[in-house]
Amino acid sequence: MLFLARMDVRFPESMDAQTKADYQAQEKSYSADLQRRGVLKGIWRVVGEYANYSIYDVDGHDELHAIFQGFPMFPYMKVQVTPLAQHPNATADEFFAPPST
Amino acid sequence: MLFLARMDVRFPESMDAQTKADYQAQEKSYSADLQRRGVLKGIWRVVGEYANYSIYDVDGHDELHAIFQGFPMFPYMKVQVTPLAQHPNATADEFFAPPST
Amino acid sequence: MLFLARMDVRFPESMDAQTKADYQAQEKSYSADLQRRGVLKGIWRVVGEYANYSIYDVDGHDELHAIFQGFPMFPYMKVQVTPLAQHPNATADEFFAPPST
Amino acid sequence: MLFLARMDVRFPESMDAQTKADYQAQEKSYSADLQRRGVLKGIWRVVGEYANYSIYDVDGHDELHAIFQGFPMFPYMKVQVTPLAQHPNATADEFFAPPST
Amino acid sequence: MLFLARMDVRFPESMDAQTKADYQAQEKSYSADLQRRGVLKGIWRVVGEYANYSIYDVDGHDELHAIFQGFPMFPYMKVQVTPLAQHPNATADEFFAPPST
Amino acid sequence: MLFLARMDVRFPESMDAQTKADYQAQEKSYSADLQRRGVLKGIWRVVGEYANYSIYDVDGHDELHAIFQGFPMFPYMKVQVTPLAQHPNATADEFFAPPST
Amino acid sequence: MLFLARMDVRFPESMDAQTKADYQAQEKSYSADLQRRGVLKGIWRVVGEYANYSIYDVDGHDELHAIFQGFPMFPYMKVQVTPLAQHPNATADEFFAPPST
Amino acid sequence: MLFLARMDVRFPESMDAQTKADYQAQEKSYSADLQRRGVLKGIWRVVGEYANYSIYDVDGHDELHAIFQGFPMFPYMKVQVTPLAQHPNATADEFFAPPST
Amino acid sequence: MLFLARMDVRFPESMDAQTKADYQAQEKSYSADLQRRGVLKGIWRVVGEYANYSIYDVDGHDELHAIFQGFPMFPYMKVQVTPLAQHPNATADEFFAPPST
Amino acid sequence: MLFLARMDVRFPESMDAQTKADYQAQEKSYSADLQRRGVLKGIWRVVGEYANYSIYDVDGHDELHAIFQGFPMFPYMKVQVTPLAQHPNATADEFFAPPST
């Protein structure tokens, strides 16, 4: 079951550069694991913004919320979720490549 | 170069069912051709709405606008376009499978 | 898996009273069936508006979109969907009574 | 009389983790009591957000406002309230199960 | 129990002047009855707009929705409802005069 | 001449509880005086929010602005003002009771 | 007592050019009369839009609403009204020239 | 060439009362000079808000931006600018009185 | 003096294809003349929308409004205008090439 | 490939004047380099705001995002990007002068 998410990050003014860098490193590792497991099917930077669009494939809402809440930077993210269904014009059941291993 | 598009369709009240069905058939064929050519990487229905999210891979803005304008239902669509860049946390250069042939 | 939906109905100006009444009768029957099957867990009128809030329990997005699209009045409805997860403060796994039979 | 509420929580940047945890524990207990008394009929997490949708059954506005104001985290919550009426298509007078005891 | 309502009226373009005048006469009579019964505590024109703010005193949501739906011009009105509670700074339990008879 | 006002209060994070309580006490006294003088015809709490709707009867804009600016908590309030006129369907020239004395 | 108004005009699609021209001629005459009487202190076109900003000097809300409602094109106008007070930095009590006669 | 401006002031929480008063005194003097020179044709307080509407008469955009940037409180102001043209219904070329001297 | 304009075109449903084509041909010729005269410095299509961004260089607001109003398709356009000033980081007084002749 | 960008700058309250001036000097130099390289085709101040509209000519989204992220003041900017295509009414392929050298 696919979900489109848009995530906007906003760090507090008082956060120092090292803390930010640490968060970003943890985030990268967390994100890589989701990609490896085939949960995070794709992630792209919104040009000009500290934001991404990403697509998740999960079995349910509790799993998806747990994934979001597990992001190291979750307290600094605004997440908007859109449920996606099969489109009648789609020529394939699956648009994504299998996770690279 | 990737673009996320959200398309919302709204037919005029006066359009009859057959005309709508004809438009939808033409649209399906046009969309299938874009998928076959690898231009339209993925398309999904927004649950509960006559709308889709889709991702395009094109070489430039003129090409992309021509593609949108070529949609049979373009006069009845509201299109919002977001340019996407490579995300630093992406573990793959390409998330999409090659077009099915 | 639960979803909250808000549906706003807007009939075209040109629709006559009998057609509206027919739509509403079909809608009522369709809605009753969804309630009987335990798919539509609850539905409430928004005070002062031709709109409802309702909660759906389905297995996936394709099923949910098919349900919305099946509403006789779907072409005249604006539907907004919010995915719901288990709340950590909930004292019960299930808030709804079983469907009345 | 039913009300749908959406609550969004936003803690100040300066609040430390222990204070947050204390607030959340008090909130959980306060919420459980409302559920036990049949005032809070259901509560669900909005996927991806520090927010909930919940449904209240109260006798009047003063009671409802007192309940909101009694939430330990009320100063950090944005609450939006929608009055709900019986829907003509509802097949039951009551959608909710009795409070678990 | 008090509710503030804002009502915006918008007649369809095709409605002729006589039909409008008839609606307005029926509306006036319906509104007068609500005032006489003490249900509609006050009603004011928003300067420059075909809109009003009004305050209702009812026992419940079903009653209130029935009142709105009973307005002859209901199909042409957009109604926004805000539940009102006793304010801690109020020096009176009741601000309104009894209905004129 | 009547004006509807909606006031939303937002204290800065750094303000301590005693300062808030002092402000609220001053506010209550200031508000009571306006009610006694028949300037503030009614005031109600918006359910679930630190906000009120209130109705003012003044002779002009300078007087009204001076009244708002005189509120002890004015620096922490967002005020939106709507001018109200006599409604053609009103059955009374005056909806409010005389100030309680 | 001054009010700033923004008025946006939108004629229905079906209105023919002669009807529009007639409306505009009546509007011009009505507006000139308001200027002559010193009620309409100034009126300006919003560049690029079928809209104006204008400033009214009236004794009360009923008078102002009657003025707006008297505009021949009132049914086709959206009017937004902002009450203006004396500004503490103003060096003059009156910024406008007397009406030209 | 006329421009309508709406300016909203918002001081930071940490600014003390004396600093605010100093800013306001400088602002008053700066504003008076603009009025004397006939650049600022009028300025009015928005009732209930720390905001004004004002009308500027300048020869170009660089001059206008320099004027705004010269306001002592510019860093704390949000400015929205609307270009105004001659209105076809205006009975005078100039609505404003000459600056008082 | 430069202005950025965004123009969105929306033809009425009832307009036939030939009328649209005629409008577009007239528009093209009108636009070309503005470009030749150096008034319209640049014009670009917003990708995916029947809209443009364009930059105008004019001596005043009356001239600019007359230009907009002269567009054959003006009744079907929504125009938003933003006044532009010299930017302190600009390395050139003029970014545009002279009009092609 | 052209992109229109609107950038709004907002420095944190706690930043001192020297730090701001340093940022602005670095920004100016960075911007000048982009102009010299023909990447930044034009930049203009939005009158009354700490904001600009600017037009970029780049080969792709990764390059464009890298350019934005390279701005010294990027963490304090909100950037909105609109992809631009050739307009059918354009009389020139290129509106901009070559970069001044």
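To keep things simple, chains are lettered A, B, C, D, E, F, G, H, I and J as they appear, and every chain counts its residues starting from 1.
Please note the rule applied: contacts are C-beta pairs under 8 Å (C-beta built on N, C-alpha and C of every residue); 3 or more make two chains touch, one makes a residue touch a chain.
Molecules present, by chain and UniProt name: A, B, C, D, E, F, G, H, I, J = Muconolactone Delta-isomerase.
Keep in mind that what you see is a predicted model, and the values were worked out from it rather than measured.
*Asks:* Enumerate, in label order, the chains that touch chain B (Muconolactone Delta-isomerase) and chain C (Muconolactone Delta-isomerase) alike.
*Replies:* Touching chain B (Muconolactone Delta-isomerase) and chain C (Muconolactone Delta-isomerase) alike, sorted by label: A.
*Asks:* Quick one: report the Å distance separating chain B (Muconolactone Delta-isomerase) from chain I (Muconolactone Delta-isomerase), using the average Cα coordinate of each chain.
*Replies:* Centres of chain B (Muconolactone Delta-isomerase) and chain I (Muconolactone Delta-isomerase) (C-alpha means) sit 28 Å apart.
*Asks:* Could you tell me the distance, in whole angstrom, between the mean C-alpha positions of chain D (Muconolactone Delta-isomerase) and chain H (Muconolactone Delta-isomerase)?
*Replies:* 46
*Asks:* So the centre of each chain is just the mean of its C-alpha atoms; given that, what is the distance between chain A (Muconolactone Delta-isomerase) and chain B (Muconolactone Delta-isomerase) in Å?
*Replies:* 22
*Asks:* If you look at chain E (Muconolactone Delta-isomerase), which of its residues touch at least two other chains?
*Replies:* Residue numbers touching two or more other chains: 2-3, 45, 47, 61, 64-65, 81, 83-86.
*Asks:* Using the contact rule from the top, write out all pairs of chains that touch.
*Replies:* A-B, A-C, A-D, A-J, B-C, B-I, B-J, C-D, C-E, D-E, D-F, E-F, E-G, F-G, F-H, G-H, G-I, H-I, H-J, I-J
*Asks:* Please give the residue numbers of chain I (Muconolactone Delta-isomerase) that touch chain H (Muconolactone Delta-isomerase) in the complex, ascending.
*Replies:* Of all residues in chain I (Muconolactone Delta-isomerase), those touching chain H (Muconolactone Delta-isomerase) are 1-3, 60-62, 64-65, 81, 83-86.
*Asks:* With touch defined as at the start, can you tell me which chain I (Muconolactone Delta-isomerase) residues reach chain B (Muconolactone Delta-isomerase) in the complex?
*Replies:* For chain I (Muconolactone Delta-isomerase) paired with chain B (Muconolactone Delta-isomerase), touching residues are 13, 45, 47-49.
*Asks:* Using the touch definition up top, name the residues of chain A (Muconolactone Delta-isomerase) that touch chain D (Muconolactone Delta-isomerase) in the complex.
*Replies:* 3, 5, 12, 14, 61, 64-65, 68, 78-81
*Asks:* In the complex, go through chain C (Muconolactone Delta-isomerase) and note every residue touching chain D (Muconolactone Delta-isomerase).
*Replies:* Result: residues 2, 4, 27-28, 31-32, 35-36, 41-47, 52-54, 82-92, 94-100 of chain C (Muconolactone Delta-isomerase) touch chain D (Muconolactone Delta-isomerase).
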